[in-house]
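The same subunit A turns up in both complexes below, where it pairs with subunit B and then with subunit C.
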Partner chain A sequence: MNTEKATSWALYIYIAIAFAFIFTPIIWSFIFSFNSDRFPSLPLGSFSLKWYQTILSRPEVLEAAWTSLVVAACSSLLSTFIGFCTAYTDYRYSFLGKQAYLALAMLPPTIPLIIMALAMLSWLAQIGLSGQVVSIIIAHTVLGAPFAMAVIRLRLNDMDPNLEAASWNLGASEWRAMREVVVPFAMPSIIAALCLTAAVSFDEFAVAWFVSGLNKTIPVVILEILQGNVDPQINAIGTFVFVISITLIVVAQVLMLSKGKKEETAQ
Partner chain B sequence: MTQSLVVFDKVEKRFADFTAVKPTSFEIAQGEFLAIMGPSGCGKTTTLRMLAGLEAPTGGEIRFEGKVMNDVKPHERDTPMVWQSLALFPFLNARENVEFGLKMRGMEAATRKKKALDWLDRLGIGQFAERNVAKLSGGQRQRVALARALVTEPKILLLDEPLSALDAHLVIRMQSVLTKLQKELGITFVYVTHSQSEAFAMADRVIIMAQGEIAQIGKAKDIYRAPANKFVAEFVGRNNIFEGTVKANTSGSVQVETRLGTFVVPTAAASTARTGDPLSFVVAADLVQVSTKKPAAENVVECQLLSEQFMGTTVTLFLEAADGSEIKVQIGQRELETIDLTHGGRLYASWPSSRAHVLAG
Partner chain C sequence: MAEGQRRDFYAWFWRAPLLVWQLLFFVVPLAFMFVMSFWLVKNYRMTPAFAFDNWAKMLGWNIFWSSYAYTMALAVAATILASVLAFPAAYGLAFRVTDTTRRWALFFLIIPFFTSYLVRVYAWQVVLAGNGVISAMLGWVGLGPISLLNTPIGTLVGYLTLSFPLVVILQTISLASIDKTLIEAAHNMGCSPLRTVFSVIIPAAKVGLIVAGLFCFILSFGDFVSPYYLGGSKPPTLSIMIVDSTKSGQQWPRAAVIAVVMILSLLAIAFTAVKFAYRRRG
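Let's turn to the complex of A and B:
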């Protein structure tokens, strides 16, 4: 009993340290984004929103924020669509070379980002699409699709294989069944996938930096500001990016977990 | 003969590596309750799925009201099914589940809602109409599945082991719900099950399938009293099977010599048997009598009592004959009390010749 308690305490402490390790820099940047001092030093100066005011008055930051939002919205829609299609073909069909097909679909995250970025740049340049917003959308769609597929595939694996057949049996054509049964069933995972891929796109720097040209996204602008000098504006932008990303991820997690739990109790 | 609703004409289903259903022909009458029964892998579910269009036959023809159905898509048929897993849509509530078939047929929302509620009421679960199906009990979900399949007023209802997930006491209750519904609606039910008690309790006719073939088709009573072959006799259970050769076939009686002695079987069924032919017959367990004194009957086997199994009002005795073979006797509890039983004690099993049923082949 005592050793059990000790183990569980040890585990709690371990988790606390792990979280601290991950979140301290973020909290640090969060705190300093509201600090009036020019340089990050203790003791803190007074509470101030001036860094937020500064970034909001810089048109290139606002433009980058807009580009980031457009790219995140478009690429999350595209990669979730592709991910859903891949997951559904995996659920529904068995065919020769299916393992290879799935491996190919899962491939992008395993490629080092810098290689991916270079390959994207040279390929998009070849087809005359480099340096545009659409090129970032294409690149982020490629990066996001495997995540979307993984999330949706998990959900479809829980689907009673007779559910679709039951809807045909009740008069639904295959397309109708897709609309009335498969998509509604997968909906929590589809929304989760949208959030997740939007977060992936919103955070992504390396590929965006290579292919964006003049249409910079937020992470690219952050780097450019940093290259000039260390500036508390970075803390303000960083906090903004972090809040959006973590919100998307939390929504995705909650959707994936809550749905599973509800059906578990039903059985 | 009433008109046939469904005709299976040499229907066959081959998969890449095995044949699920060998060329099979039978007819299903309008308004009939037909059960298809057999051990798992016998082809009963494949047969049902072919009827629903979920599997395409690889040979033969399925006709529905005279129309060949082989290439008709599942959603263009009116053959609703109650699934073993129920396959209720988890993201819809009970009423929306029932409405599904009507919605697919383009029925207007208000009308289909009313119809769905009527059906839920009819099956006694009207108060749960707006509840998520995940929050219903097994029996309630079963009724939702039934209502969902029946709401389109089909001519035929397919049921694939629908009661297999229910508790025993619910099974009995749902059986009476089903038979009552079928009588009231007058539509055809095709009921696939591995459970003999379900099939025999509800069906007008029973098909017994084995290894992709029909082993016997007929009324439950006939299958029980007059199994067509050894497979059916064994599958139905509670049968004593005797195998031997014809010793003599005189005008009055046919004598069969087995390892347990010579027995007499009815002449009619074995009239063509010649001396030396192999012949098997069965005697149902409930037609065998036991006594402690040797009776003056034609067919007597001396045995020892091995064990007994109480099943409420009846008891099954397991006896062992001289050669080690088992003889099952089913008698009433009260009758048992009049017999002095001791384990290992000597007993005599006997039956009148007229009770023996000769197996074909």
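Let's turn to the complex of A and C:
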């Protein structure tokens, strides 16, 4: 019994160390963003907001923030739509070649981003669509769709298949049943998918860097700072991105959980 | 008949978006990249051709193969390290905490995916540098100054930053879904905890553990940020070669050759891993 307890404690300490490793760079970048030193080291310099002032005074950073927002908004809408269609198809139908269809849906995350970047760049350049904001939207839709599909599919899992059938029997057309039964039921997961895919797009840099041309997104600006004269404004931008992404994720999480709970109590 | 057609239209309406989009912007780009690897670059312009020049050039180039070996070795090292280091944490989270704690832990493990990987790499740059935090702390105990920057260790730290949270998540989920009665049965029959881990838990969770390792391998194998900014690009990995030949060299067809070789290697490894995962124990 005692060894059992000791093992448990050893494991807790181990888990704490693992989390420390994971969160070390996140916490340090946060600290460095408020630190006055150009080249941060121990002991830290004084508290300062100058890196935040620097980024706010650079028009190209604000421009990139706008591009990032547009790209995240458009690609999350597109990939959530595609994800919903795919999830519904998987839920409702079985057909010849469905395995291949689902493989096609889930494959993009298994291809390294740098390879996606090269493939996208060469194909989009070939059809005259590279170097534009649209190019990034197209690419991010491909990357986001599998995540949207997964989130919405999980939700549809909980839907009674008889629900849709019942509304047909009551005289609703398939379209009307979709509008008034399936979509409302899936709504929390649809919004969660929008948040998740927006966050994916907001952070992606490899593909965006290759296909974007002069239309930089925020992560591409970060990459360029990293390549050139590195200074702690990178941490200030990073903190902004983090706050936005984490807000999106928390909203997604809360939506998924709160809706689930209400139904649990109702049953 | 009209009714049937309407049904078909309804079904295809939901089926088509994925097919159209992923064919046009996922399958075709990858296929085109393969075709492009046979094209030629003349006067900085790509011209369609069916020539093996790029393939001959890349596959006959010593530096390419040493890069290949280096990338492979680093990615394998990261996979083994991440899998071994994640296991005790996943074991603890799967068997020694309450469901609520586990849910919170998984939530926190997702957070890193939504902080910029580039910013985290920059933070490591500062922490690992010769005048950085780790060196300063080693200095207090009389060691150092040591710079881990621009060493393979730096690259590995970066790879783990990228993949470790995911490996812990996947391992935790696969361990938590093991049938608990199996473990109790082993206990009741006098199996020691350590032996339970190796002869009951690991075989039962084999598929999930291998999938976790596979994802770590894919992420590390394709990452160009850590080997460049933490590893110093000496020697360059395959992903860095793709970046260099695309961005500065205008050698897209050669970059395509590297990418195709990488995809084939990944396919071979994924296939072997899956086959191994589902192999019956003899």
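Here, the second predicted complex is superposed on the first by the 243 of 267 C-alpha atoms of A that agree within 3 Å, B and C clash if a C-alpha of one lies under 4 Å from a C-alpha of the other, contacts with A are read in each partner's own complex, and residues count from 1 in each chain.
Keep this in mind: contacts are C-beta pairs under 8 Å (C-beta built on N, C-alpha and C of every residue); 3 or more make two chains touch, one makes a residue touch a chain.
Just so you know, these numbers come straight off a predicted model, no measurement behind them.
Shared-chain residue A:M187: touches subunit B; no touch with subunit C. When the two structures are aligned on the shared chain, A:R176 is found in touch with subunit B, with no touch to subunit C. Looking at the shared chain after the overlay, A:A166 reaches subunit B, while subunit C stays out of its contact range.
With both complexes superposed, C is the one of subunit B and subunit C in contact with more subunit A residues. Taken together, the two complexes place residues 174 of subunit A in contact with subunit B and also with subunit C.
Against subunit B, in their complex, subunit A makes its touches with residues 160, 162-163, 165-174, 176-177, 180-181, 184-185, 187, 262-263, 265-266.
For subunit B in complex with subunit A, the residues that touch the partner chain are 52-54, 73-75, 79-81, 83, 85, 87, 89-92, 100-101, 103-105, 134-135, 148-149, 152. In the complex of the two chains, the subunit A residues touching subunit C come out as 4, 7-8, 11-12, 14-15, 18-19, 21-26, 28-29, 32, 39-42, 78, 81-82, 85-86, 88-89, 92-93, 101, 104-105, 107-108, 110-116, 118-124, 126, 138-139, 141-142, 145, 149, 174-175, 199, 203, 205-206, 210, 219, 222-223, 226, 230, 234-235, 237-238, 241-242, 245-246, 248-249, 253.
On subunit C, the positions that touch subunit A within their shared complex are 7, 10-11, 13-19, 21-23, 25-30, 32-33, 36, 85-86, 88-89, 91-93, 96, 105, 107-127, 129, 131-133, 136-137, 160-161, 164-165, 168, 193, 218-219, 221-224, 229, 239, 242-243, 246, 252, 255-256, 259, 262-263, 266, 270.
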